[in-house]
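First, the structure itself, so that you have it in front of you.
Going in written order, the chains are labelled A, B, C and D, and every chain counts its residues from 1.
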Amino acid sequence: MNILEFSFLSAVLTAMTPVVLAALGGLLCQVAGVFNIALEGQLLWGAFTAVVFSHLSGNAWIGVAGAVLATALYAAPLSVSSVTFRADPIVVAVGTNLLALGLTAFLMRQIFGSGGTYTSPGLAGLPTLAELGLDVPVLGPQSPVVPFALVLVAAVSWWLARTRSGLRLRGAGQHLDAAAALGLPVTAYRHGVVLAAGALCGLAGAQLALGNVTLFSEGMSAGRGWVAVVAVMLGGVRPYRVLLACLLFGAAEAVGFRLQGAGLPQQAADAAPYVITLLALVLAGVAARRRTKEAS
Amino acid sequence: GGGTGGPNASAAPDGKSIILITPNPVGTNSFLQLGVKGAEAAAKEIGASFKLYESKDPTSIAQNVDAAVRAKPTVIVGISFSFDDVFTTVPKQHPQQQFLQVDSCAKEQAPNLACVSFKEHEAAYLAGVEAGLLTKSGKIGVVAALDTPFIHRWIEPFFAGAASVKPDVAGTPLYVGGNNPFSDPARAKSQAQTLTDRGADITLAAASAGNQGVFEAVAATGAKAFGVDVNQCGQSAGNVVDNVLKHVDVAELAAIKEIVSGKTGGVKVYGLAEGGVGVGALSADVASSGCTVAASPDVITKVKQVRDDILAGKVTVADPLQS
Amino acid sequence: MGRVAGAAPVLAVVGALVLTTLVMVVVGVDPVLAYPALVRGAVADGNLEYTVAAFVPTLGMALAFALPLRAGEFNLGGDGQMAAGGVAAAGVALSVPLPAGVAVVVPLVAAGLAGGLVAGVSAPLRTRLGLPAIVTTLLISAPMVSLASYLVRFPLAEPDTGIAQTPLLPDAAHLPALTEGGYVTLGLPLIVLLTLAWLYADTRTVTGYEIRATGHNREFARYGGVPVDRLAAVTLAAGGAFAGLVGGLIVLGPPYRFVDGALTAPGYTFTAVAAVLLATARPIAVPFTVALLTVLQVGGQGMEREAGVPSQLTQIVQGLIIVIVAVVATVRHLRQRRAG
Amino acid sequence: MAVPADPAVPAVELVGVTKRFGSVLANDGIDLAVAKGEVHAVVGENGAGKSTLMSVLYGLHRPDAGHVLREGRRLRLRSPADAIACGLGMVHQRFRLFPDLTVAENIVIGAEPVRRGAVDRAAARRAVEELGERYGLRADPRARVGDLPVGVRQRVEILRALYRGAEVLILDEPTAVLTPGEASRLFEVLRTITATGASVLLVTHKLGEVLAAGDRVTVLRQGRVTGRFRTADTSADELVQAMIGRSLSSLEHRRDGGGPASGAYALEVRDLNVRDRDGVARLTGVSFGVRPGEIVGIAGVAGSGQRELIDTVTGLRTPGPGDSGEVLLGGATARRGREPGVAYVPEDRHGRGTAADMSLAENLLMGDQRATGRRTLPRAAVRARARDLVERFSISAASVDAPISALSGGNAQKAVLARELSRHTPVIVVEEPTQGVDVGAQERIHTLLAEARDRGQAVLLQSSELSELRLLADRVLVMFEGRVVAELNGATATEAALGHAMTGATP
């Protein structure tokens, strides 16, 4: 019983960590007033570069660092075109998402010699905390990136609420001209958040490809970047709410898996996280409405 | 810089050529990868050029078939059920053109359309026998990419095979689904973990690129997995019992050679009898296959016996596609 | 200004050409082979038919996104609305035997209604509960795709086949074809007519004016007596109806059945979103941006077939072109800003 | 460079500033010096170039020619940040605040006190409270700015400038959005500020304020300086002469026939009770009527229920469960939703009265789009109608197809009036008709309202300009805490009497 619950929690955490990290990137952009739907492509690029760097170096952490850097770099065209040239970030993101699919599949053939899936016993994956000597329930079977992601949510929340740069970023997102008039380097902020989102997606991709599993396969981001976008839409500019949205989604998904075993059709299991998220939103909306009604 | 369109870059005017059309981008789909492998091998063997047209939906399938017909190759190969519709009409309109459909056959078959199909269920049944003999918990599972009718040719026979040797065995199928069912190893791993959490100690992995995720999941808990289509034992040493083999490439190569040699049309079904499907345990080189079944000679013996029973008609494996 | 505006598309094309040529040369594809293959793949050798066949749903989905957008509502749930429309059309055509003519119209109407209903749900969620349409349309979309998939897999499934699809629709329900191949159907004139009607309504009718006013400033429109909530609902539902209709057109066209996944696999929804946003608030430009992206996609497949360009490379080229066009489309604004 | 003749160097000086926008010469060689400790007013017609000049001073626009001196030293102002660093501060007409940040955050942002890596919120609050104490600018440092009323938001803007050490404070039409009480409090604050040696540049259309609160005044006309006066030595007439090149004809707006209109009410409100979302009563037992050919004024301090009353009368308020009462138009109960028989000039020109990105012609159409009863909207007809209105109401606009945001504030206001008055509805509701509008246009607007009345339209006029009410209204209803507490005769009521009634004291 207990074990089942731990394993459930553990499964939700594993599944959602890449989403949480990507969503955190999306949230930073949202705070600064940039609507970032490029997360899906960046997540895929992060997964790919993580495997490439791990493969080349034989060290998973170099893979992680490489993915973070390479994906921040991959986000540069988005930041230049949407911030400097004021192109529509949604259109650019549609382009870079497509580009990531093609580029990873193409480079995969160049680097690993074949398409599809790349894995090898020699490919270094991230160690679990248990392997590092920290055998605690739930977190034990996770890579260190998982607790790090949770810490990061808290850190970003604190940073936004309490620090000088966090305050300025929030200001820039709410009234760009006013922030600029106060002498805040708003353009740098906007570039900064788009690149930071890239870095976070790199980390997310690294966790997906070296933490969740140890391999790269074409298109393995499999919509997680879009789930992250939805989480940002739901959670707005509040990191804990975004985390909550991710966990709700992940829990619904995990429940769906378990119910599939009891005969629930696959299509229903696929739909479950979306339906439950929507229901939660609607219930919250109805409750808020009732509260204002009762007041009068 | 590559292909400059020189005289030998593609098919010479009267040279032989093969065009393979897939219903989806090949990408991570292990079955389509095998199809490409078979066609490439055939092209090499008969000295033909080879081209791959990847489609994404029924319309692009039709467009690719059109374009292939215009190119007038020796054979146009279409792979899977998705070609049933186009191959019902197009071959009739182009009687001079030879067609080959792999894995299914159009309802109204023209004389210039050859078909090869497989009895995957026979091999899956044998794998199930192995699983039934090897499971300790009496719980086994399948992780499949998507709940299509076709995938049930692996699932039910696998469970039936297991039940044939261990009647109270409980089988649970899970489907990866989601946004990219054929290439979501993380989700497949999560599914496999769900199965191992519930006590399943043997899982058949039929999730294309997701299979590696399944292998990782069983490896972490000491459970075991089965692979599909090709020998996947080497991908996760010590964790894969055996594979449900489907020699698409071999069958395709043979079919193309027959067409080239003038034997056109017809349907060829590859089952255990024809050697088109099977499990690793049946092969002579099982010891070097890396599959853990090699360490259980009694299992191998039993599997061979069941195979013989099937061939002899003493055991019939129900085809889930035949309702 | 007029000159700059006119030059923008040219610049975009030139920029995209230069960059993609560079990519081709780097990865070893001969541009001299590839470009003609792209053009032929889209318009020559009988390929035009398929380009049109892709243009029709993309344009339809562009309307599905653009129509609510004019009223300030984002409809990102095109996939779900399209799937709902497709499955409704298939369900009606398979279960209700109808005489020729009506047999096409009734499923299409059902498709439009289904799509409209799915999108329309987002309207009260927006006006009553304050949930933005961009969130709810997206969230509703995925379960709708799953539902359609379920229906096609089980109750509506064709028996004895390996893939999830409905049986062939009765002949009477097949969309009349305008070409020999059957891929250019009555859907083309229908969508073109609807597009023209939308363009006309947008600029020349009271409703179009009220929709635009709502999109520009909701409070202003409300002040002017515009029923803004109702308009938002109507435009969302109408957008959904377009998406549903697209689903119906696909299903009633060859191969005359609902094949699971076939509606969403080509990615019409987001191609259309990109096309509409590229048109930067000028509805008249929408058919052209749709045509551009469709030619790129269909032609890209021609490039794969003829010039041996791998499909990954086509994706790379398409991605680059979208980014470049997006940038160049705004160079105009940039110049204005500098001048100011 | 000439050494200043005055012994005291000006706090700030603009020298030969020229700024051109395309073909518009917004500033044409303007010289202007602001002494330390003075309130220096800048007046002029709409479009005279006041805001442009202030923007140049604040580093928002770079002048095409000319420069800025600060205490005799030439500044290089590339951005507002430079201006802030040089001790300049500006309060824009449209506030530049961050709605989701607190008051304290809005004030310290850009120069936050920091303690151990984090913003020192306690120190920030203290700083805000101290500044507020010193200048009489109270604002709860923890409040979210988006929740605050306009007057308090303006205080936050001023506090921000002061916090950043502004010694020259630029205020662009600060009183346009304030009630008379808030305005007089603002001028007290400005006095406190100048008492410390700081200077204030005050852009306004209200000549009364100039004369009362200013020390010196510079008049702009078509981008040039047309007059410099000491307020002690000048008069409103003299200023007007400099601003528009003529005197205002002292029009008598009252009805020729005299005497109040009689007969049935065109608009009648019966026992209106309204509660807001939190259940607080906003209107209690409000009843009154407006007859054809009558102007009824509404006065009251902000938040006395004017907003709810007008939203109810115009049908823009979504009735809540706690609402009761009746609105009658021509004797019949008004329908739900926006009532076509009521023209309405809203106070919030940007949020409600116009759509900034739509063309002037399309803005002029709103409310009348269904008038023809046809479903089509021929573009030629829309344009022709717009040109006609532009002509009749002398709106100065380059083209009816350009977005309305290209119009100056005064002209945009005229456009809204033109649209609403031209509909010849039985009832017109007008809010703050002359806010942000120059004196010439004010006069024109007053004439238009009087003409509407004379045509037999019933006018409900809400204004915080008591002089405007006295000039136009036949009767003035004074509101306080959601009730009509007094009804005064517009012709005879003094501003003192009105002001007294607005505090809720019974006359």
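We adopt the following convention: a residue touches a chain if its C-beta (ideal position, glycine included) is under 8 Å from a C-beta of that chain, and two chains touch if they have at least 3 such contacts.
Here the structure is a predicted model, which is why all the values come from computation and not from measurement.
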item: Pair of chains whose C-beta contact count is the highest in the structure; value: A-C
item: Reference chain A; chain at largest CA-centroid distance; value: D
item: Inter-centroid spacing, chain D versus chain A (mean Cα positions, whole Å); value: 47
item: Centre-of-Cα separation between chain C and chain A, whole angstrom; value: 28
item: Between chain C and chain B, distance of the C-alpha-averaged centres to the nearest whole Å; value: 35
item: Contacts with 2+ other chains: residues of chain A; value: 105, 265, 267, 270
item: Junction residues of chain B, two or more chains touched; value: 147
item: Residues within chain C bordering two or more other chains; value: 153, 311
item: Touching chain combinations (by label order); value: A-B, A-C, A-D, B-C, C-D
item: List of chain C residues in touch with chain B within their complex; value: 25, 28-30, 33, 45-47, 50, 53-54, 153, 157, 159-164, 168, 181, 183, 254-255, 257, 259-263, 265-266, 298, 301-302, 304-305, 307-308, 311
item: For the chain A and chain B complex, residues of the former touching the latter; value: 4, 7, 11, 14-15, 18, 105, 115-117, 119, 121, 141, 208, 212-215, 217-224, 226, 254, 257-258, 260-261, 265-267, 269-270
item: Chain C-touching residues of chain B, taken from the complex the two chains share; value: 1-5, 24-25, 51, 53-54, 56-60, 62-64, 66-67, 70, 80-82, 84-86, 103-104, 147-150, 153, 321-323
item: Chain A residues touching chain C - in the complex, by the definition given at the top; value: 77, 81, 85-88, 90-92, 94-103, 105-106, 109, 230, 233-234, 265, 267-268, 270-271, 274-275, 277-278, 281-282, 285-286, 288-289
item: Residues of chain D that touch chain C when the two form their complex; value: 21, 316, 337-338, 340, 344, 346, 351-358, 362, 365-367, 369-370, 374-379
